[in-house]
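Each in C-alpha cells, the structures are laid out below.
Here come two complexes built around chain A, the first alongside chain B, the second alongside chain C.
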Partner chain A sequence: MSSIQIQNVTKRFGDFTAVDEISIDIEEGEFVALLGPSGCGKTTTMNMIAGLEDVSEGVIKFDGQDLSHVRMQDRNIGFVFQNYAIFTHLSVYKNLSYGLEVKKVEKPEIERRVKAMADRMSISHRLHQPAASLSVNEMQKLAIGRSAIVEPRIFLLDEPLSNLDAGFRAYMRAELKVLQHEFGQTMIYVTHDQIEAMSLADKIAIIDQGKLMQYGAPLDIYNDPQNRFVANFVGSPRMNLVDGELREEQGALRLMLHGGAEIPLAGQVKADFTSDSKVHSGSFGIRPQDIYFGDKRADHDIKMLGKVEVLERVGPKRLAYLQVQETMFLAFDEQAQLNVGDDVPFYLPSEASMAFDLDSGRRLGGQ
Partner chain B sequence: MSAIEITNAVKNYPEFTLGPINMSVGQGEFFGIFGPPSTGKSSILKLILGLLQPDEGSVTLSGKDGAYMDVAERDISMVFQNLALFPHMTGRENIIFPLKERNAPESEIAERLDFVSEVLHVSHILHKNPAQMSGGERQRIALGRAFAAESRAMLLDEPIASLDARLREEMRVELKRLQRENNQTFVYVSHDEEEVMAISDRVAVMIDGMIAQIGTPDEVYSTPNSRSVAEVIGSPPMNFFEGQFADSGVHFNGSSLPPIPIVGETLKGGDGTLGVRPEDIWLGESDGNPSVDVKVSSVEPLGSYTIINAFLGDQIVKIRAPGQVILEEGSTLRVSLDVRNLHLFDDAGERV
Partner chain C sequence: MTELANNSKSMGYWQRVARDGPRMGFWFILPTLLLLVFIVVFPLLMQLYLSFTWWTPLEGIPWYQAWEVFNWGENYWFMITDPRFWGALWRTVLIMIIAVPAQFFLGMALAYLFIDQFPGRKIFYSIMLTPMMIVPAVVGLMFFLLFQGTGPVNDHLGLPAEFSWLTDVNRAMISVIIADIWQWTPLMFLILLAGMLGVPSDQLLAAKLLGGSNLQNFIKIIMPRMKTVIIIALVLRAVECFKIFDLVFIMTKGGPGVQTETISVFLYKQTFGELEWAYVATIGLSILIALSILAVKGLSYMAKK
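Showing the complex of A and B:
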C-alpha cells in the first residue's frame, strides 16, 4: 500500500506533449480512475507511475519518496492489461503461483494463497487445467487474480474489462470493487468508459489532450462539472449541451442557438450566464432526466417546443430525441406517452441547468 | 414482399451448426441481430451477402432466390468492424469508389458525395488519406462508402465497436437517422446489447447458432421468451432465483425469498426460476409487493441512477435505484419486488 503524489508531471514525445503538467494526489488505499477518450494521455500517465516511461518534467512520489531511480521490478507494482498476459501453456495453478515463486515465497504459503485466490475468483474447479482452456471471462479473472495474489502495494489496471461482454462487465465491476476493499490496495484504473469509472472509483481524474480537466469523487464530478468537457463526458445518456450566442434585449437574455432555435434564459441559469460580462458565446447544459413534460413546476423553468425525432429503448427507459429547429434535446419519456413525429412542449428546469463559456469551456456561476 | 427472407437455412461447420434460421426483414426496416461472441451472427450476414451458401433452406432477396444470384447481383453493401479502406486513396476517393466502379455519371457521383458527407459529417476530412484520420473518422468514411452505393440493403457487422463510448452514442443516432432518411434496409449485428436495442426496429437474439427470439426491443426486454434471452438482455443483468412453483399455482417459492405471489396463469408445482430486473426491485416496502431484507455489498453511483449490489442469503442481487442513493456498505436494507414485472421460467428455461 502506498500513497502517490503526481506533481506537475509533463511527458513529451518529440514535439508532442502527451501529458501536460498534471498533478494528482492519490491517498493510500484509494481507488482512482484515469478517465478520458483514447489518446488523451491516461495510459501514458499510468506508464509513468509504473516506471515504464520516464517523466519529462515534474516528479512522481510514492509515500513522499521519489522513486525515479528505482528499477521498475523493485517498485512492487501489479499490472493488469486489456490484453491479459497469461501463460496459456501453463495451468491455472501455475499462472497464479508464478509471481509468488519469483518472490521466493514458502511453498505451503503459495499453496494456501493460490487456493484462496482461486476461490475468490470462482475458478477453483479449473486449477489444474491449462489456462488456454479458459473462457475469455475466466481468463480476465485469472489475469486479475495473478496480479492481485502477490499483493503489490499499487495495482494498475489498464482497460481490464474492455474485452468482456456487457453482462460480465457489470459482474466484474462489482467483483473488482469488493476485491479492492478486501485488499485495501491503492488502485489506479485506466478506462475510457465513464460508467466503469463512476461505479468503481473513489476518485476520478478526467484527462483530455494531456490536461487534467477535473479530479474528484464521482458524484461531485457528475453533479458539479467544472467545464464543458467534463459535463459532456460524464453521465449516460450524455448531458444535453447546446451552444449559441448570448443576446440581451430589454433585460431579457436569450441564447441564440445555431440553426435558429433559442432558449429564453431565466432564474439561476440566467444569473450564471451573466456572472461574467465578458462571455458572449455560451453553452447551455441540462441532463436528460431533468427535462420534464406536462405542467410547469417552477416559475423560472424554461418552456421549449420540440418534435419527437427518435425514440430509443435504453435499458428500462425510453429515451426521446426532441428536435427544436436544428438542435436536438435528449429526454426520458418516463410515462411512455410520446410518439415519433409528435410536437410536444417540454421544460428545462432553471435550477438544474448549467452554464458554460463556449470559448474556454469554463463553467459559469455554478456550485 | 420482404427485402430479405431467410427460410429454414442451415449451415454446417465442423464443430458448429448454424440454424435452422428463419427471419424476414422488411423493406426500410432497421433489423438488429444481437448475441454473445461466436453465436453465428456474422454467418447470417455472409448468407445474405452470398459469401456463404446455406446447406439447407433458402435466402430470398425481394422475392428472388439467392441461390441463383451471385454476390454482385445481390446488390448488398457491407460494413465490417475492421473497415477496409483503400490506404492510398483520399476519403473522397474511397467514398465514390463503388459509384466509379459502376460508371455512374459525374453528376450523380457529386450528388451522392454531397449527401453522404453531410449526414456523416465528413466534408472536412474528404481530402485526407486514411492514415491521417482518427479511428472514428475512418469508420465514418467506411460507412460513407457503403452508403454511396445506394444498395438494396446494408449489412453492418459491429460497425462502431472500435469507437469510444461517446462517439458510439452519437454515431448510433446518426446511423438511425441516415437509415430513415434514406428509407434503406439495414441489418445490424452487434454484441453490444444496449446499442442493438436502442437502434433497431426489431431485434433477433441469437444463442448458440439459433435465433432464440425476434421482436421489437420493447417485447424482447419486457417479455423475454426464455431464461437464456433474459440473461443476455439488460444491463445490469436480470437477477435469477431458483425455486419451485407452489402446487396451488399462486406462489413461487425460492430459498431466501418470501413466497412470491404470481399474477395470472402459471404452473402448478415443479422447479423453475424467477427473474427480476434490477429496476423492478424497489427500496423500502411497497403496497401489495413482497419484501425482504438484503445486506449491501457495494454501491455504484452512476449519477442519474445507482446500482446497489446486495446479498440476499448468499446470492448477490443487483438493484437499480433511480437518482443518487447513499448507503453504507454492510448495512441492511428492506427491498420489495414489483409483482407486476416478474419473469417466470420453467425447469427447461421457457417463459411461463
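Showing the complex of A and C:
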C-alpha cells in the first residue's frame, strides 16, 4: 500500500501534448477515479504511473520515492486492463499463479493463495478450465484476482467495467467497492463514466485535453464545479448551461441569450457575474432538479416563462424540456402537473445558480 | 424441348449456376488436371519402371524398351549397400540438424529484438531480409569467394593463405553450413517475427506488470502461443534444407572428395557424371517414399496435438 504523488507531469507524443502539467496527490488507501472524455489523457496518466509510458516532464513518486528509473516489472503494480489481458492459453489456475510463480514463491504457498483468491472471486469451480472458456464477467474477476494475488503496492484499473453487460456492471461496481475496502489498497480507476466515478471513488480527478480540470471528493465536485467543463461533465441529467452576453441597463443586469431570450440576473448569481468586471460574456448554470414551478420560494429567484416542448419519463419522474425562445431548459416535473404545449412560468433559484466566464470557462464568484 | 428451354429461362441466374456449376467446374480444372498427369504421375511411373532395370542412356535402346534389361530390384539392394549413398544421406542430415536449429535460434533472437519499435526499424528490417532474396547460386559464389585462401575471411581473421576452408576435409562442411545459415536465417526471422507479433501485446504487458522477467515471460507467454508458427518454420526449413544443392555445388562441388556431398549433389553426379539413370531413379523414389512417410507421420502427430 502506497501513497502516490504526481507532480507537474507532462507527456508529449511528438508535437502532441497528451498530458499537460498534471499534479495529483493520492493518499494511502484512497480510491481515486480519473474521469474524462475519450482521448483526454487519463489512460496516458495511468500508463505513466504503471511505467508503461515514460514521463516527459515532472515526477511520479510512490511514498515519496521517485520511480522514474524503476522498471515496470519491479514497481509491483496491480494493473487490470480494459480487455483484461487474460493469458488465454493457460488455465484459470495458471493465470492466478503467474505472478507468484515468477517470484519463485513456494508451491504449497502458491496453491493456498490461488485457492483463497479463487474462492474470494467465486471462480473456484472454473479453476482447472482454460481461461479462454470463461465468460466476460468471469474474466473480469480473474483479471482482478490475478493482480490482487501478488498484493501490489497500488492497484490500477483501466475502464474495467466498460465491456460488461449492464446488470453485471452494477454488481461489479458494488463488488469493486467491497474489494477495495477488503484489500485496503490504493486504487486508481480510469473511466469515462461519471456515474461509476461518483459512486466508487473517494476522490475524482477530472481531466480534459490533458489538463486537470478539478480534483476533489465527488460531492464537492458536483456541488462546486470550478469551471464550465466540470459543471457540464458531472451530473445526470446534465446541468443547464446557457451562454450569452452580459448587459447592464439602469442598474439591472441581464444575460442576453442567443436567439433573443434573456435572464434577468438577481441575488447571489448576479453578484457572481459582477465579481469580475472584465467579463462581458458568461455562461449561466443551473441543475435541472433545482428549477421549480409554482410559487416563488425566495426573493431573488429568477422567473422565466417557457413552453413545454417534450415530457420524458425517467424512472418515477418526468423530465420537462422547456423552450424559452431558442434556448432549452431541462427541469424535473415533480408533481406531474405539466402538459406538452403549455406555457408555464418557472423559477431559477439564484442561490443554486452558477456563473462562468464564457471565454476561459472559469467559475465566477463561487463559494 | 420448348418446355425445357422455358424452364431454364424461368430459372434465376444463381439457380442455373448451381445446376451447371459442377459440370462447368470439371471443364475448368481439366487443363490443370492433364498438366498434373504429365508432370507428376507420368514421371513417377516412369521412375518406378526404370528403377527395376539396368537401363542407362548408353544402353542403345529407348527407355520404354528398358524391360529388356529388367533386374528384379537389384538397384535397391545396391543402394542399401552403397556407402556413398549413406554418406551423402548422413551429410544432408548433418547440415540439416546443425543449420536449421542455428537458423531457428538466430531468427528467434532477431525477431525478439524487432518486437519493439526503435528508430530505423524499417530499414534494418529490409536489410535483414536481403540474404533470402538473393539467388542461392549467387550466395554460393559469394561464399566461394569469401572463403578463398586469400579471401576476406582469412584476411580479417589474420589467417595465412594456406589455411583453406573449401578444400579442407572438416572446414568445407563448416563453410557450407555457415553459408546456409546466412542465407536462410532471414526466412526464420520473418516467420517467427510474424508469430511473435501475433502474441497480444497487452498480455505481455500484463505478464511484465505481474513481475515476470523478460525470459520468464518469453518462455511462459510468448513461446506457447507461437507453437504452430514454430513448427511450420522448422518443417519448412528442414524440408528445404534436405534439398540443398546450389550452395554446395558452387562452393565445393561436393568436395573435397565426397566430404560435402549431399543427396542432391550425389544424384546430380550420378545423373550427369555416371549416367546411371536407373540407379538415380531408385534413389529418388526411395527418398520420396521415405520422406512421404515421415511427412504423414509428422502431420498426424501435429493434428493430434
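FYI, the second predicted complex is superposed on the first by the 364 of 367 C-alpha atoms of A that agree within 3 Å, B and C clash if a C-alpha of one lies under 4 Å from a C-alpha of the other, contacts with A are read in each partner's own complex, and residues count from 1 in each chain.
Note that contacts are C-beta pairs under 8 Å (C-beta built on N, C-alpha and C of every residue); 3 or more make two chains touch, one makes a residue touch a chain.
Only a predicted model underlies this, so the values are computations on that prediction, with no experimental measurement involved.
A.B. asks: Would you mind checking whether chain B and chain C clash or fit side by side on chain A after the superposition?
C.D. replies: On the superposed model, which is not a single observed complex, chain B and chain C fit side by side.
A.B. asks: Which of the two partners, first being chain B and second being chain C, lies in contact with A:72: first, second, both, or neither?
C.D. replies: Touch partner of A:72: chain C, not chain B.
A.B. asks: Have a look and say if chain B or chain C is in touch with more residues of chain A.
C.D. replies: B
A.B. asks: Which partner does A:165 reach: the first (chain B), the second (chain C), both, or neither?
C.D. replies: So A:165 only meets chain B here.
A.B. asks: Should A:177 be classified as contacting the first partner (chain B), the second (chain C), both, or neither?
C.D. replies: It touches chain B, and chain C stays clear.
A.B. asks: State whether A:116 touches chain B only (first), chain C only (second), both chains, or neither.
C.D. replies: Neither chain B nor chain C is touched by A:116.
A.B. asks: Tell me the angle subtended at the Cα centre of chain A by the Cα centres of chain B and chain C, rounded to the nearest 10 °.
C.D. replies: It works out to roughly 80 degrees.
A.B. asks: Check the residue A:352 against both partner chains and state whether it touches chain B (first), chain C (second), both, or neither.
C.D. replies: So A:352 meets neither chain B nor chain C here.
A.B. asks: After superposition on the shared chain, which partner residues are touched by A:99: those of chain B (first), chain C (second), both, or neither?
C.D. replies: second
A.B. asks: Applying the touch criterion given at the start, work out whether A:319 contacts chain B, chain C, both or neither, answering first, second, both or neither.
C.D. replies: The answer is first: A:319 touches chain B but not chain C.
A.B. asks: How far apart, in whole Å, are the nearest Cα atoms of chain B and chain C in the superposition?
C.D. replies: Minimum over all C-alpha pairs of chain B and chain C: 14 Å.
A.B. asks: Which of the residues in chain A come into contact with chain B in the complex?
C.D. replies: Its residues touching chain B are 37-39, 136, 165-167, 169-171, 173-174, 177-178, 181, 192-195, 198-200, 218-219, 222-223, 232-238, 287-289, 309-310, 312-316, 319, 321, 328.
A.B. asks: Using the touch rule from the top, collect the residues of chain A that touch chain C in their complex.
C.D. replies: Contact set of chain A toward chain C: 50, 52, 72-79, 81, 83, 85-90, 98-99, 102-103, 146-147, 150.
A.B. asks: Under the stated contact criterion, what part of chain B meets chain A in this complex?
C.D. replies: It is residues 36-37, 134-135, 164-166, 169, 173, 176-177, 191-194, 197-199, 217-218, 221, 231-232, 234-237, 277, 279, 297-298, 300-304, 307, 309, 316, 318, 320, 324, 329 of chain B that touch chain A.
A.B. asks: Give the list of chain C residues in touch with chain A in this complex.
C.D. replies: Residues of chain C touching chain A: 200, 202-203, 205-213, 216-217, 220-221, 224-225.
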